[in-house]
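One chain, subunit A, appears in both complexes that follow, with subunit B as partner in the first and subunit C in the second.
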Partner chain A sequence: MKKKVYFSAAFLTLLIAAVPASAATLGGKIAFEGRPPAIEKVKTDADPKCKMAHPDGLASDQVIVNPNGTLKNVFVYVKSGLEGKAFEAPKEPVVFDQKGCQYSPKVFGIQVNQPLEIVNSDDTLHNVHSLPTQSQAFNLGMPIKGMKLKKTFTKPEVMVKIKCEVHPWMSAWAGVLDHPFFGVSNEEGQFEIKNLPPGQYVIEAWHEKYGSQTQSVTVTDKDAETAFTFKAA
Partner chain B sequence: MNNSRLHLYSKFLTAATLVLIAAGGLVTSTRSGLSVPDWPLSYGKLFPPMIGGIRFEHTHRVIAGLVGVLTLVLMIALLKTEKRPWLKGLGVAAFGAVIAQAVLGGLTVKYLLPAPISVLHACLAQSFFALMASVALFTSREWLGEKPILSENAASLRRLVLATSGFVFLQLFLGAVARHSANRASVGIHIAVAFLIVLHALLTYLKISREKTILGRLDRHAALFGLLALIQIFLGFGSFVFTRMLEKTEAPRLGAVLFTTAHQTLGALILGLVVLLTIRIFRLYQKPL
Partner chain C sequence: MAKPSPSLYSISKTFVWFALVSLLLLGSLIAIVLLDHHRDWKNWQKKFIALKLEKTEKELKAADEKLDKKKIQDLRLEIARTESDLKAHQSERAARRKAAAALEPRLARAKARAQDLKQFQDSYKYFFEEYRVLGDRRAADFEKKLAEIAPRLTEAKADLEDLEKESEAKKAALEAFAQKEKDLQKALDQILQEKTRVEKKIANVKPSLAKDILNAPMLDFLHPSLQIQQIALDGLEDDYHFAKTQKVDRCTTCHLAIDQKGFEDAPQPFRTHPKMDLYLGAASPHPVEKFGCTVCHSGNGHSVSFITASHTPHDEAQAKEWVKKYHWREIEKWDAKMLPIQHVQAACAKCHRSVVEVPQADKLNRGRRLAARYGCFNCHKISGFEDRWKAGPDLRRVGSKVDREWVIRWLQNPRDFRSSTRMPQIFHLSNTQSPDEKNRDDAAIEAIAVYLMKNSETVELSVPPAIGNAEKGETFVKQLGCLGCHSLPGIKGGDAAAELSGLGSKVKPEWLYAWLKNPRHYSPNTRMPNLRLSDEEAADITAYLLSNCNDPFEKSAAPKARPEAVDQMLLDSMQGTMRHADAQKMLAGMTDEEKLEALGKKSIAHQGCFACHAIKGFEDQKPIGAELSNESRKDIHQFDFGFVDIEHSRRAFIAQKLRDPRGYDKGKVKAYYEKLRMPQFHLSDEEIESLTTFVLSLTDESMPLEMQKRPDLREAGVEKGRLLVSKLNCNACHALDGKTGALRALTEDPGAAPPILDGEGAKVREKWLHEFLKNPTPIRPWLTYRMPTFGLSDEETKTLVEYFAYLAHENISYKGAEVPETSPEKIEAGKKLFGQLQCAKCHEVNADSAAMGASFLAPDLTLAKKRLKPEWVKKWIEDPQTLQEGTMMPTFFADGQTPITDVLGGDAKEQIEAIRDYLYRYEAPDKTKGETREAKIPIANQAA
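On to the complex of A and B.
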């Protein structure tokens, strides 16, 4: 009986330690200033299936300025402020698809050792080549539609490029972190970092073309907002 | 195979090797080196769908296979019909080089283009081309029939072309490092050595033209070397502009592909020419006793 009480008390203590007393969402917008670069059209003639999907060529997805003047595909994450804390990697995978001879998502975050499920939804052949400097690189052939593969990154790294050498216009970026506090700006230029415990953090926003910016942010138990502005090169 | 047939066959193999080098250059220039993730098969097949980067990588593999078979035939022909043991040895070395080159090609795929292996693969490719060109020379009528002459300038001429050959080999290595690694210093040295080679080509031409007896149209050989070295500087400049000065695009620009592939292929041709020139000068001009 005594043993049971001890175990229950220990379990309760662990549970309390694991869930932060309070957590907030850090949201914000990524503004873009200046003239957006001309949209480069990529020829997809090299593969008839890709050409069929994009008969007029494919617009480059390197820089996407939203109609409301914000920037899409900016990776925003907690760069520092979480030292000494450990976060278990989620069991559910991040799904990374090859569809219409494009990667979806173009930019994403993933935790160290979290499964990355790579899917080929195209009726054509792709190779998926990751180029990390900290984890083991991989280059996988995915010749069949519907094929799925799982991979993990073993070390944090911002950012890891992923590309397809069969279709050289296909590239994506993964932000590999040892914590779950990251987000990517969407079609409205908005991002969200959820369940962030109160504290002082350095937040970094990274874009493939325009580089990265940092800001110091103090988070309390209430939701907070921040904003970044990227300028045309 | 008699000697004239062997000579013709060696010339054909030399030309096939140059085509292979151009095909390999296209693989690098179009960034297709890893478009086929397995080796020796391609996506588990002998003939994968020829789309995107696979068109370049798999074509390179097919031509490489053909050159491998052709080299095996050359080795067998030399072992069967050739009387000179050293030439038989060269045949065996050539086949060994083809096998080594195939293994290096496989390693570049398996280990995702490690720079040292890629550099070695590039250097061995061009050295193999020079070796094939040399075999063609060794089986030629000139090599078997032409009598050497005694020349007072033989020693200095030999020294000059030997140094030139050394510079061209160094240039091959520097070019391969510049192409396959992020090393910036190699680009600067590569540019400096290019001008040194043009200077050497000019000196070699002048020295040969001053000879009383010009054997085997060596002056034309040297002039062609000089001309190609000048064209190579132009191609090198174009490659530099496209790969180092212009912003890198997702898919490689056509200009970058054409300039870099032509620059690399002409580099092989120049190496072959200078190696032949060196061997011929050593053979045709001898120092008086």
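On to the complex of A and C.
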């Protein structure tokens, strides 16, 4: 019986892969309950270039609660349900910028072996230091404005911290996956996982401060919605 | 009247006797031959042949399955087709051959004709030209002939060419037939090669009539396929009590696949050796021709039977199994019994002498470490381990640290105070359980406490300047690196030193404060280093450590010595040297305190406390333990098993001794001072096994020099360093020499962990390292961990410097800072790069950056020229991550490419060198003189 389900799921996947228009999008909102933590200001005095970019000080980007009461920068991805399927890594790179002494994006997903294009848009020295436990770590000095370097992650790992030792407030997080089904909540608290084939999945939502939550979701060939709620610590 | 016998004996009876004896002789002969034919090892060899046959047949099947069936099928079909083609065209082939042959004369004729005609033409031409010049009228004739012969010659040449073409085509067609067949056969052979190889192998292994005949009784002296295999070992001898013979190992007679890969899962005795890369192979460090089997495993190598080879089961279950299967029994007369597999590493020490640790011998090494940890070397003399340090603290000033009551409670059972303590239990053990013996134990305990207090020097202790903050103290303990050696209640740290628990119930605050400030002030030989704590730090840590108390211990009873027990024990101890009446008289003249002190001295001497602890009055005393230098070869009859019912083997004795050191007194009648004295260490099973392996490794057996691992000068230097590194416990913090630093593992961010010291010898200058080790100064201001001052002697410092240098294959030079040769242009380029790469952003400490939090600070680069070796600096700038995993220093030359193209032609290698050269001439700006960040550059090529 179970086998039959797998078979029909596999069949459906094939069908959907052939007709991408019928793939579903799993969307949703990350709600935030409770009082948002006070926004901390980071002192950037030591690097005049950073100070110039933020004369009034820089707000910490660890927790961003949107005006509509939702949480930004939550990484949502398919944790399980795709076993045994292989997905080719896109050639299109994920662009990771250092601008105004901050990382952009702060939280992002990337596929295994997909190029990560690291850009320094600042006129100051940054170092990009990744701290993966599965892939080879890198620590690159980027002293020239406009310079670009390319790197990849070779093994899935959620999440990989990226930090800058020159500016200790700078940190970013990469969710490295062997499939393309992930999203990050935006200024509205919305996330989207596109082209998800029908099936049963465990979806995980991860936040730097508030940890992770999982949900089981069944996806048919129609777009679906799901929601996560993080509570103030 | 009976006729007298013509002879003196009855002939018929003689015949009968003769027949009987002959039959008996024949029977014996047959029995001998049969018994010889059915010897154990022959059966094993036959079984192995069957196994090998089965395995090879499987291989054949696998090889067969691996073949591409379709391809073979196609090939076979093609071959068949070619063959049938060949056959079908046999007649045509013959005809062709015939035709080809028949062509030959025609060809020859045609060739001759063409040649003839050519000759005629040439002669006609000659005569025509000749006559024409002479004006002869015959010239016209020849002209006519010449004209006639030309077309005939052309025709003949064409004919010849046609024929040649025909002949070549026919030959090629013939050839093609044969070639095609050849190619196909070759392809087929190639594909079947593996199969053919295995088939041949099977033919070799498979029993055959010829082999049976060669192995038959009486014929098997010729060239049997079943043979005893043996390895003769030069320079090694087996001891047969009073007779020594050359060592010969016949183990491979049955262990037939020991050095053949592929029998890893086979049943014994046919299994492949599990560590082929380390043993047996010609390329391994222990080739079988040189080391044989019994050098490591022990046992009787001459034997070819299971029992007399002296196999040893690894546990009782296996012993039972063996008895059932092989009627196994222990061979009492053979001394060098096979080492049970769990202790086999004991044999490594035979050849690997003078090394701190034997590579890959984890259990033996663990045993050695445990022996040092529990102070085994302090009580037992063991040759090769004389240079070990005392395991327990110095008690010559103990009165400043703890009080008498604490010592009494502690000695009752040290584990009541701290369950993780290394201090063994000495009193109230299984052999002193009677009420009288308990009283004597209590008397001895108080007496020892009295002796220690009375014979303690007083140390000057200073009071903390202010009451410390325990919370801050806790942070310091966790951040300074204390956890490298100490654990905290509930927090697992190192176990080289005592767990920091219950100190509030043990030590005086002023002692702890003074101890933290300078451990050597209290104990000149302590292994605890000086953390260079400020008064405030020391006060805070003192407050924190004293906040942890052990209430049940404090409330527990501290039994008083009964005077009659004290008297009785003193009388007993004086028995040998004094008359009873004199002794009694002497006692009568002593005060209670004096008696206790006298008994304390006697008790310390009796129990051997001074072996692990320095105690006043026992400076020259010999330790009480038996020498263990040759324990693994001590005669089994010299072990006193008493009434303990265990297997009578060395390893069983040792394990039981470690488990219950006083247990062999069970059931014996002994006076108090005759009883066994080894204290109870409360060892775990795993510790007992490792320690047993260690004790079984202790031997004075002399191995031939060429078999021993003998260190050269550099290796000896490394070993000397290793011992010191283990004493100082450098690995508690640093990753070094194949060991991961314990504190490094505890630290989440590798950039904030104590540095990796692999390759340190290639990195830093010997002169700098020497100075640093003597007097450490911070290099990495961002680390909370603090490199302590170990108070090393010059000799110890030298040992460490050499250790690091030799470990990194470096030569030692105590020369100062040598500056690499360069040019002013290069320095200028280096300066430019230094600015463009913004090195000073991290490598310069200023007030602003310090206020941001310390995480991004980097070493002061003015240190570089004194500290670092120029070659290393280049490698470091090129790729810091490979030299120091997780370092905060980024690479600016990712994949060997530079981001700056307009300096030195964008050549990364040149640029790195330029930065290095600049660095060796770099001076930090002197802010007091109003200097900016501009560095001063001295003239090139001048030593700094």
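In this section, the second predicted complex is superposed on the first by the 211 of 233 C-alpha atoms of A that agree within 3 Å, B and C clash if a C-alpha of one lies under 4 Å from a C-alpha of the other, contacts with A are read in each partner's own complex, and residues count from 1 in each chain.
FYI, contacts are C-beta pairs under 8 Å (C-beta built on N, C-alpha and C of every residue); 3 or more make two chains touch, one makes a residue touch a chain.
In this text, all values refer to a predicted model and were calculated from it rather than measured experimentally.
Contact with both subunit B and subunit C is seen for A:137 once the two complexes are overlaid on the shared chain.
In the superposition on chain A, contact of A:46 is made with both subunit B and subunit C.
By the touch criterion defined above, A:149 lies against subunit C but remains apart from subunit B after alignment on the C-alpha atoms of chain A.
Look at A:124: by the touch rule set out above, it reaches both subunit B and subunit C.
Judged by the touch definition given at the top, the superposed model places A:168 against both subunit B and subunit C. In the superposition on chain A, A:87 makes contact with neither subunit B nor subunit C.
Within subunit A, the residues touched by subunit B in the first complex and by subunit C in the second are 43, 46-47, 124-125, 127, 129, 137, 139-141, 143, 165-168. Residues 40, 42-43, 46-50, 60, 62, 124-125, 127, 129, 137, 139-141, 143, 165-169, 171 of subunit A are the ones touching subunit B in the complex.
The residues of subunit C lying in touch with subunit A in their complex are 749, 751, 836-838, 841-842, 846, 848-849, 851-853, 855-856, 880-881, 885-892, 894, 899-900. Those residues of subunit A whose C-beta lies close enough to touch subunit C in the complex are 43, 45-47, 124-125, 127-129, 131, 137-144, 147, 149, 165-168. On subunit B, the positions that touch subunit A within their shared complex are 30-38, 43-44, 48-49, 51-55, 112, 249-252.
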